[in-house]
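Below you'll find the structures, each written out as structure tokens.
Look for chain A in each of the two complexes below; its partner is chain B in the first and chain C in the second.
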Partner chain A sequence: MIFLLLVPLVAVFIAPLLSPRAASWLSSIAFSVPFFGVLYYLFAGFPPREIIFSAPAPVGEFYIFVDGISAIFSLSICAVSAMVALYALPYMEHRFREMGVNVEEEFRKYVFIYNLYAASMLWLVHCGNLIMLYVFLEIMLITAFLLIYMYGYGNRQWVGILYLIWCCIAGVLTLVGFLIIASENGTLSLDAIERVGIVAWAFIFAGMIIELPGLGPHVWLPWAHAEAPTPVSALLSPLTVGLAGYIMLRVALIDAVFFKVFTVPIFIYAAISSIYAGFSVFVQTDFKRLLAYSTVSQMGYILIALCLLGAGGEAAKFGAMGVSIQYMSHAFGKSILFCSAGGLIALFGMRDIEKMGGLHDVVPEISNAAVMGFMNLAGILTVGMFGEFFILRGVVEAFGMNLAYLLPVVFIFILSGWYGFYTMRKVFYGRPRSSVAASHMSAYLFVPLFVLGALSVLFFFPPFSSAWVPELFKAVGMGGSSVVSGGVSASAAVGGGLLP
Partner chain B sequence: MTDGIWVIAGIVSLLILVSGAVLSYKDSRFGLISAIIAVIVAFIASSITGSFGYVVFVLAISLLNIFSLEAMQNDIKGIDYGLVGLIALATMFILNTDDLAYVLTALVIVSVPTYILVMLREGAVDVEIGVKYIVFMVFATVLFLIGAIIIASGAEGIMLTLGYVMLVVGLSLEVGVAPLHEWVPDVFAAADPIPVSVIASIAKIVPFVAAFRILASTPDVEIAAISLTAVIAAFSMFVGNIGALTAREHARVLAYSTVANMGYMLTCLVAVSVSVSHVSVSHAHKEVQMAALLGGVLLLFANAAGKIGFFNAIKGEGACSPLLYTLSFSFIGVPPLLGFWGKFFILISLVSAALAAQFHWLYWLAGILVLNSAVSIPYYIRLARELGSCWKANITNYIVAAATVITLITVFLYIPVAWFPADIGSIEIPISLPAAGG
Partner chain C sequence: MNEWIFPVLFLVPVLSSIPIALAYRREDIVRKLPPVSVAGIFISLVCSLYILFHEEFMDKSFSYEWIPQLGIDMVLRIDYLSASMGVITALIAFIIAVYGLDYMKDDYRLPWYWFFFNLFTASMLLVVYSDNLFLLFVGWEGLGIASWGLIGHWYRDDDDITFVGVPERRLGPLKLWWPPSLGGWRAISTIRFGDVPMFLAIAAIWMLSEGHNLNISEIDWESLFLKAGTAGTIIIFTMFLLGLFTKSAQLPFSEWLMTAMTGPTTVSALLHSATMVAAGAFVFIKVSWYIKPWHLHDVPGLEFVYMFVLFVGLISALYGALVATGMLERKVLLAASTMSSLGLMFGTAAASYWIHPDGINLALLVAFWYMAVHAFAKATLFLVSGHLIHATHGRFSEGDSEFAMKMKPAFAATVIATTFLVGIPPLTAYWVKSAMDHVFEHLIEHGMLLPFLLLISASLCYSAILARFLSLNFFRGGRPHHEHVEGCPLMKLGYLMMVSVVFILLYVIFTHEETHEFVAAGLALSSMAVGIAVTIAYIGAVFKPRIETLSKIGTFFNDRMLLPALNDVISPAIGFSVAKAVNIGNRGIDAFCNTKVMPALFDMMSRAIRAIQTGYLKDYTKIVLGIVMFFLIMGALWGVMP
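Up next is the complex of A and B:
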């Protein structure tokens, strides 16, 4: 397993020595290797955890592992990182020319930071120690900051600092939570922690709700995601923010006391976040900013799924599955959409959707890719459908057929589809509002998008879905968890009609 | 045996330093070479008798300090290397002895050379700065020594509190903790950046380690006195960071950054006093002390590497941009850089000590530390941006690069979480206080 994870790390240092084209391909291959490796494990069975070394208390063992949950996150990160690495070749060349800097020289710096950024996310989901996880979380935040600060749009330095300060506050709050866990348990090793107190949880939740983000602490997100260079937005929004959900999920699988105490308030907060951000999409005129608000709305799904872990039993299982699948579906969908928005910037320099319309006739490739992106967000015939199913099932398990809880969730699902089609109509269909002529478009700008779209459909159907759903079930029912004592087996899920 | 090896190594090193200083009147390179040899001899002796991890960091930092003197010409060229070498010897020695007299001697040995270094300028001597600095330092050292002696005399009650307060105030004045920090911005801004890089880096280590070891041997300190130290620590963090945010001159920003960092360091002393003075924390007595010492020395090393890097960048009118950003991130406390691990272990010590019912307020101190780390982001980024330039093959850039390597060494996570804690863990922190019966 460790060799699979080392491949992207090696690429971090080799890629800057190559030409932009070779570096892009190397980066893409470097993330494809762990993708296929984890896929292989999904079918052949996961290897045992690998201990890197043991540290004295309160740090504990450092190890890496892969289970059903980390596999889902890992596959999403590898696939998106590999494809965006290719997409970035024409995009960043265009951006560097726009900035008036030496393309080749700047691409070396860019590809180093990009690969480090993506590799840190990959390591984060496979490491088995909270302090190790925190280290990768911070590397991820700092590399993203550097990419915004150096290559972003608008007042990029201000936006970069805004992002850095918010994320550092999020990081340190989480760290304080981890430290309290360390003091209470004498270890930070995931499989040795026995309990997570309410105080530790409060810090972790406060930190991760900034990172996720929820309504209120979300102020940094539209700025950072909109002003980042598009390949960075295509990792930030689809991958990075959702990892806050991963961290909370991992801690909740040990001890979900916080969600147990605050199930209803968190549910209400998550629903309001999702609905508010969903409606905010309609008032945005900047395409990337619109997508950023959609991210806040989608993260509301994840928070709803997380609060189900407090309900215990089967609701908790379905919640945990909902978090994982929603992450994958959002990763595929949102990376496609940001890359679509970036394609329009690279080709026509357009961001204002008031000036768009009718672009399907000019760039059908991008338009069709965007349709696949919104299908993921809306959960239509893609892996996102599983996500919505498990979240809804979890809500039913937790609250029964109580319409006060069911209706908001269903409305949120509808809202995603609604703003998806609204955006498609506004940008790609209808009457053109500007005269733009079709021009030559690099295949790098759309082929990676179709690959991601195809993956999101493939993961919906067997044999992929019949491989990952049972493994995910196993993972949420595994190890010292206080929330997953119920008895839904993988075969029951498959046999019970969960799979197509 | 341990002291025997050290006495011999110490005498040999001193002889080498003195010989080099004398010969440097012929050629300043003798001073440079003798300083390097003396430091390496002391390093070998320290490695045998004490913590290898600690001395290897001190060796790296002292060599950087010595080489950075190459970037300036002054009236005592050659002797200046010896002065830094002397500071390095005392810094390595401080963890090798359990005798209070030696600990206090090390403190004086570190303090005195800085009186001369601070006056050095390119081709001149700045007596005005020197006088200002010396007055503060003499006062600080005397307070520290009297405080330590009162504590060592076995004082109890009000006298113990008096000794404790004098020690903490002396330390605060010596290293520049607010509100006793007034000399720091003035001296840092007016003196030459290279000697300041010595004063702001390696010279900060011994006062803290000395205070730490004395307080780790001092039970029964009043909670009110410890609380006062915590308030001073928090105040210093805020004053330092707000000062740095509002300062324009680079050297002043770094001066206030030192004030903030010394506030972080003072929290280690709070944690250690809580752990030895109050039975309720005895369950975590050893862990709290070890985490506080680990965090303290790692933060001092990070501070030293960062200050050396930035002051050299000021001296060289800029340095390679990515290197300065790395140093900035280390100061901010971004993992896996060295600065993060310092804060991490300090937080561990505070949180562990805070588990005791009457010390829950230490959570707030931990929170203030965290908050101040976040507040420091803009000015460190600004420093890196304003001082950053392209790579140039000169001595200041090489020094900045070497300082960056020190902060990056903890990328190998085994070093900060396994090797270094195990190495420091082998040290007996408390020292023999005569009145306590050894």
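Up next is the complex of A and C:
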């Protein structure tokens, strides 16, 4: 297992020595190796955890592991990182030329930071110690900061620092939470922690709600995601922010006391946050900013699914599955969409959707890729369908047939479909609002997007989903039985009543 | 047993359209590949026929593992409904595909068209055959996305002939013309509004059913409803029905169907006959088939639900038929009439609650048969109008008897399709409609007269509008401004093949056992009276398709009683006002945290701290002395404290 994870790490140091083209391919292959490795484990069974070393209390064991949940996150991270690495080749070359710097030389720096960034995310989802997890979290934040600071658009240095400050606050709060856990349990090893107190949870939640982000702290996200160079946006938005959901999920699977106490307030907050951001999408004029708001809305799904963990029983299981699948579906969809937006920037220097329209004529490839991206967000014929289905099941399990809870969730899902196809029409169909000439487009700019799109469809159908969904179900078992029992669950019995 | 037939049935249409999708940059190859896609549909047709004519498939379920741990499996159920509907779907799709070889010959974006056309067909077949609700919903979503792709196929919005409505016609803030890309958006936005609640209903059924089963035919519906309670039953059904009503364009979700006419005619034909809109009504019939609501009169809430569907259906039927009386656009008139027919299907199927059968429920059987007859007749009319649009270069009805003589096959097909569909004795639909009358007469015994009256008025109106279509295009529509009547052999072949099926259906009605009640109902005196009334309405409308004195109300009907305002004015106004409000909120938070307040506070603090650093020794001495003083005082206080 650990060798799989070492491959990208080795690539971090080798890639800068190569030419841009070779470096891109190397990065891509380096992330494909763990992708296929984890895929193999899904079918052949997971290996046991591998201990790196054992530290004395209160740190505990450092180990690497893979289970159904990690596998989903890992597959998403590897697939997106591998594809975006290829996409970045023409894109960053274009960006460097635009900035007037030496392409070859700058690409070395870029590819080093990029690979380190992606590799830290991959390690994060496989490591079994909260301190280790925190270290990777910080590496991820700093590398992303550097990429924005160095290669972003607009007022990039200001945006970079803005991002850094928000994420530092998030990181520190989370760290405090982890340290409290350490003092309470005498260990930070994931499988040894027994309980997470409400205070520790409050810190972790506060930190991760900035990172996720929820309504309020969400204002950093549109800046960072819109002004980052597109390959970075295509990791930031699909992969990085959702990892906050991963961290909360891991802690909640140990002890969901915080969600148990605050189920309803968190649900309300998540629903408002998602609907709020969903409506924000409609009035954005910058394509990347629009996508950034859609990310906030999608992260609301994750928060809704997370708060189901507080309800316990079947609801918790389906909530936990919803978090993981929603992460994957959003990762595929949003990386495709950011890359589509980036394609328009690279080809036409266009970001303002008020000036777009009818672009399907000139760039059918990008337009069709964007359709797949929005299909992922709306959960149409892609892995997102499982995500929506499980979240809906979890919500019904948790709240019964209470419309006050059901309708907001339904509306959020509807909203995602609406803004998706609304944007499609505005950007790609109808009469063109400004004249653009068809120009030659590098295959790197669209083929990776179709690979991701195809994955999102393939992962929905057997044999892949026949492998990963049951594994995921096992992983979220939370000590209970790993298979749904033949009988009716206890929570199902409340179905008819209008629960408060 | 030849179970391999199922993967072939669903996958071949999709796979066969992948080559053309991949070859999108090579115009020369793309022009050669459509027959491959058509062949894929043909294979589906052969499979569906094989299933229909092999008794060993009948009333059996075929299961392929997907996620058995969760009860999500690929379960297909062959029963009377699915076996017949599968053939109807595949046959209609195949004929339309053949017609499309001609119709779409010179069009742009053929890979897109054929990919979504085949996906559309495969999705509908999945909806038809699947027993597992999750699998059914996969097909359902496929229908949604494919319909969006096809309705907005002519995405350039640059050709008036692809629009719906009169360009530049406005009523206040309401624009009454719709380009294809807008048609696509209206379709998908309406459909999403229904799909997600339906998905929720499926999730709720999944939770409540015994053993978390999702198979329609295996769920113990009675215990499920009892467990859900009255409110739960009504909520689950309402959510489920939102999906069906949006897909089948029942009130108030009918608008998307009217503007779906911006798609190519082949798409309209497929959309209106055997896929998409039929899916909603079909699923309702299928679900009722297994719920058997007529046995569940002790389940609270169920009667309310069926009553609700009955009236939504019948009112939609009347609305559709009424608005069509004012319409002049060929395809939009047919679209409104389709909505009307679907309303009748819903209404009739809902009436099954009050029918107590020994074997097959007559109401469901009638609803299904009406769907079958309607599918072939309506597809014929759409294909004809596609040819007419081709021949006259216009979307609005025009044509006189001389034109009719030049377009003999189209004329003949229209006469047959309309007369066979409206219920003129003794043609096909008459027997089905008679049985429908019989069902609603039965409702009168339960004290419900209104449904029967709605049915009769909708039927009369319906007869008149189809006669009007015939008349305005072949007798009294004036001389066409443009005539191009030659060629298009595949198009003629298409609608002639399509219309010939209604004769086969007539034959089946008389020879099959389960439909003998139709014949009995058709021979009843009351049915004959209705039949004669329908005939009179038909003949009247043929001779007098437009009544000048009613032109004002006709315009109101043509504007679909201003229902477009719901989609185009009211909903966007609400949505955008919320969006603008939240955007102000975003700016506010942004200003507070990122750009104005917090940075200013930090600036102030930093300036205050820097103000101390003057560089003069006396200032620093003062600071140190001050700190020393502070500690001395604190120490003194500490000392005196008890």
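Details
Please note the rule applied: the second predicted complex is superposed on the first by the 477 of 500 C-alpha atoms of A that agree within 3 Å, B and C clash if a C-alpha of one lies under 4 Å from a C-alpha of the other, contacts with A are read in each partner's own complex, and residues count from 1 in each chain.
One rule holds for everything that comes next: a contact is a pair of C-beta atoms (placed from the backbone, for glycine too) under 8 Å apart; a residue touches a chain by one contact, two chains touch by 3 or more.
Keep in mind that what you see is a predicted model, and the values were worked out from it rather than measured.
In the superposition on chain A, A:S54 makes contact with chain B only, not with chain C. Once the two complexes are laid over each other on the shared chain, residue contacts for A:I180 go to chain B alone; chain C is not touched.
After overlaying the two complexes on the shared chain, residue contacts for A:S466 are found with chain C alone; chain B is out of touch.
Of the two partner chains placed by the overlay, neither chain B nor chain C lies in contact with A:F259. One of chain B and chain C touches more residues of chain A, and that partner is C. When the two complexes are overlaid on their common chain A, residue A:F107 makes contact with neither chain B nor chain C. After overlaying the two complexes on the shared chain, residue contacts for A:V172 are found with chain B alone; chain C is out of touch.
Once the two complexes are overlaid on the shared chain, A:F279 sits against chain C while remaining clear of chain B. Note: no residue of chain A belongs to the chain B contact set and to the chain C contact set alike, using the contact criterion stated above. Touching chain C in their complex are the following residues of chain A: 162, 216-220, 222-223, 276-277, 279-283, 314, 358, 360-361, 364, 368, 375, 378, 380-381, 385, 388-389, 392-393, 395-397, 400-401, 403, 406, 409-410, 413-414, 417-418, 421-422, 425, 428-431, 462, 465-466, 469-470, 473, 483-484, 486-489, 492-493, 495-498. Interface of chain B with chain A (complex): residues 284, 287, 325, 329, 332-336, 340, 344, 347-348, 351-352, 355, 366-367, 370, 373-374, 377-378, 381, 385, 413-414, 417-418, 421-422, 425.
Contact residues on chain C toward chain A in their complex (touch as defined above): 24, 64-67, 69-72, 74, 112, 134, 137-138, 141-142, 144-145, 148, 152, 155-158, 179, 181-182, 184-185, 188-189, 192-193, 195-197, 199-200, 202-204, 206-208, 210-212, 227-232, 235-236, 239, 575-576, 578-580, 582-583, 585-586, 589-590, 593-594.
Residues 52-59, 62, 131-132, 134-135, 138-139, 142, 146, 157, 161, 164-165, 168-169, 172-173, 175-176, 179-180, 182-184 of chain A are the ones that touch chain B when the two sit in their complex.
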